[in-house]
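So, here come the structures, one by one.
Below are two complexes that have chain A in common, paired first with chain B and then with chain C.
Showing the complex of A and B:
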């Protein structure tokens, strides 16, 4: 897939500009999610506050990119891969904005959690899950940046691991709550953070589906992973480091 | 015409512009061999050039102007009651192919058409086929509106008189009125039927030509860039008209406007250097074309 090489140089620039803005927004959202997780794990109140206030920038980028996409559709009537690019971008930024919202939520809970120093044991349990989710997010943005459908399909299905982690964590949190009812409030907040992380993983998956649509022209939403792999990726995709 | 074909503007370079990393030899989805970005090799037609309910069929169509070949081995069906759009750069052979379908090329002495061409299964180039009768069944609308220098009424009635389609004056009146209604022109001209057709606006003239084509009750209507001389409103009227006509007629349209092809047609055929590169459902062509050349053309990447 090529974005450039239109006869109209201006059109090349417009599409390239949209793509760059999405990459920039992706970078910002990824950093928001990382910082939110860091604030949570390290009980860093100030960092949590900064993340919670940073969501506005993400929202603004979504609005700006949406507007730019509308303008390109109106002026250029994109077709084929150009059309798929614009459609994929409109969808990707919606998911990015939602990831930003989830990061903001994590930051808000972290602010409250940071004030109670006695529950470090609980949210350290989030460490593994958050690493898993942040890696998924990073890889999905990478797949978008490289227009790498193989990379995208490798990430699909990893949310299963995240769901398992979420189940384990919930069980653990219930134990904490039964041990000492005074922990219920904090345990619920940790649980909501875990829930937000799980949502981020879902959004990252959506981004991967749009990458596959963009590159292959096939809509793979609501399709089983086995089906996607056997139908569209019959060759071996070497799995990344597990 | 030969000049047009000789020069053929807008060809991409045959050699790839940049070296790329090798891809898998076979595409994962289509099972086809991968083509490099600017590979212009065309081996047959991709997509679905043939249909089950063909109104017209061409097989192995070659067209020559003198010793210059303009069309190379085109196989294409035009389905019943469908609108098929033919797109491609200037000189790609799309208009030439359209003219094959009602033997319009017969009028060009140096033009030679080979292959099998049928209408409802009958050979249209057969010895028994009368080209005049064929053109009554396969009508044509041209780029520039070309009404006869006669009244609006006579423009529409001309073909019907020629082919004896009306036995008396009142039948002819009805036929003229019905044709003008179908062409969406009647309301505008009903009080001026005796005025000259050439006095109408461009868009009205083109609808008059469509009414004239419809009056002889054709089965297929060929349109060669029917709106390229018209403003957007007149264009929209003609496109709306085509949509209404398709329930009774089969329409093949050659157009330079990709958006028009996308708007009006059910199937789209992409021609390139006299070859039929791709035929697919219009939705597919404009969202996910199979051939790289089609993609380059419709996305404006033609170098």
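Showing the complex of A and C:
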């Protein structure tokens, strides 16, 4: 799919600019999430504080991009793939902003957890899950940058793994709580962090769906993965792992 | 050679004229015969010209060479030679280009060529591994769309050529690669993004830092116990006289070790943390310096050194107060400690011409030989192996000063001349200076 195909050079630039802005915002959100996770795993109070206060820039970017999109729709009346781009962008930034919120939440919980005697065994489980989620987020933004529908559909399946991880972690936390009721407060906080991570994975998945919508022109929300694969990707997509 | 080619042609003309002459003789129509012969000759020439033209259009390949002799042969040969030469040159160029590209591709550094809009023009193979830039898919893509780190964004926006270290995800999740990225302008608005893998160096550096911090921590506790017991023993009246000097010496040394460890911990704290803006406060440097000079003159050195002051009382700076105080006292202590009795030490605190707040400590002592100057800020470096130890230095003072100066955007500058004295100065940038 090409973006730069308009007679009006300005129009091309506007669309290209919106896309770059989204990816810049994506980079910001990504590093927020990464640092929130780092603060959580390393019980770094200062870092957690910095992340918890750093959501402002992301929010501002969302507002700016939103406004830019509205202006393009009003002025250029985009059609076909351009319209899809603008619509997809509007949705992607909503999800990105939510991811930023979740990162902020994780940072806030880590702030409280960092003060407590940390429970290292909980953290090792979290580290695996967070890596999975952060990779998903990174790959989904890559797919958006490259307008790579194949890459996007490859990420869609990974959500299941995250859910499995969340289940495992919940089971572990329950045993902690049963062992010693004094752990309940911390364990609950860890559990909320895990929940936030799972939400980030969901949002990353949404971004992938918008990428497929943008490239293929088909809305694949609320559709089973097998259906998407067989209908829109009849050729064999080589799998990363799984 | 040249005349030879044309001689064939001359013979041809002669032949044509001869035929015309013979025709005229036989028939008696002189002019008609001459015209006929000449027309035939011209037709033949045109035919040859056409052959040459067709040959050139078809790409002038040697296999389709029109057969002829004389000047026509020469011309075709000439054309062919030029062709061959330019072909050879082209081959050479292509080879050179291929070789150059091969060399860049084989470099162990990821290299990406960016145009004015930060779009990817070309990238070598390893950039896919380091930066996830696949040139087949990503040509024309903006680099900050692929590497979305805010730090890299800032680098592109500010057009700085500073090298930054970032961690990028590797293919298998969970693992990160520490990469040093630098953006170098080439020509016009072309830019070169170079990235090297510094994971190993980063790991070693971290290990070294952690080791020092941990070792100091581990040593501190037992040392406190030893020093405590030595103190008790010292005050014990039952201690035999023969042991008294030993206990005294041991106690002195243990205190010294405690100081070294404190300094080491300070250093590792300085290394491990960034100076945050929150910890900045306005520091009344003049009063700090006055106090230090007073202490130094009366309490510590007695009357051995002459201390002079040239302090701008209204000049204050922003920074971390504990650290700035440490800089001041370290520099003044050093000057007094490492010079002979009777030396004049001058403490200057002034605004420089560029608006920087400059602290200089000048002495007229014995000076430091030039070969030692660059090593002075290294840990435990001693100019005179035996001497400064008895004066109670830890060997870490200047290292601490340098670190603090760096954190505040300042630089420690040391000038010295043997026999004339030394100058230690730290200039804090104008942005940190506060005027009343």
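Methods note: the second predicted complex is superposed on the first by the 239 of 242 C-alpha atoms of A that agree within 3 Å, B and C clash if a C-alpha of one lies under 4 Å from a C-alpha of the other, contacts with A are read in each partner's own complex, and residues count from 1 in each chain.
Note that a residue touches a chain if its C-beta (ideal position, glycine included) is under 8 Å from a C-beta of that chain, and two chains touch if they have at least 3 such contacts.
Keep in mind it's a predicted model, so treat the numbers as computed, not measured.
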**Message:** Just to be sure I read the superposition right, which of the two partners does A:27 touch: chain B = first, chain C = second, or both, or neither?
**Reply:** second
**Message:** Looking at A:216, would you say it contacts chain B, chain C, both, or neither? Reply first, second, both or neither.
**Reply:** first
**Message:** Once chain A of both complexes is superposed, is A:74 in touch with chain B (first), chain C (second), both, or neither?
**Reply:** neither
**Which superposed partner A:233 touches (first chain B, second chain C, both, neither)** = first
**Asked** So, does A:135 touch the first partner chain B, the second partner chain C, both, or neither?
**Response** second
**Fill in**
Per the touch rule above, chain B residues touching chain A in the complex are 17, 24, 28-29, 37, 258-259, 262, 286-289, 294-295, 298-303
**Fill in**
Within the complex, chain B is touched by chain A residues 2, 5-8, 11, 77-84, 216-218, 231-235
**Asked** How about chain A: which of its residues touch chain C in the complex?
**Response** 19-20, 23-24, 26-28, 30-31, 46, 127-128, 131-132, 134-135, 138, 141-142, 145-146, 148
**Request:** Would you pull the chain C residues touching chain A in the complex into a rising list?
**Result:** 132, 137-138, 141-142, 144-146, 148-150, 153, 169, 173-174, 276
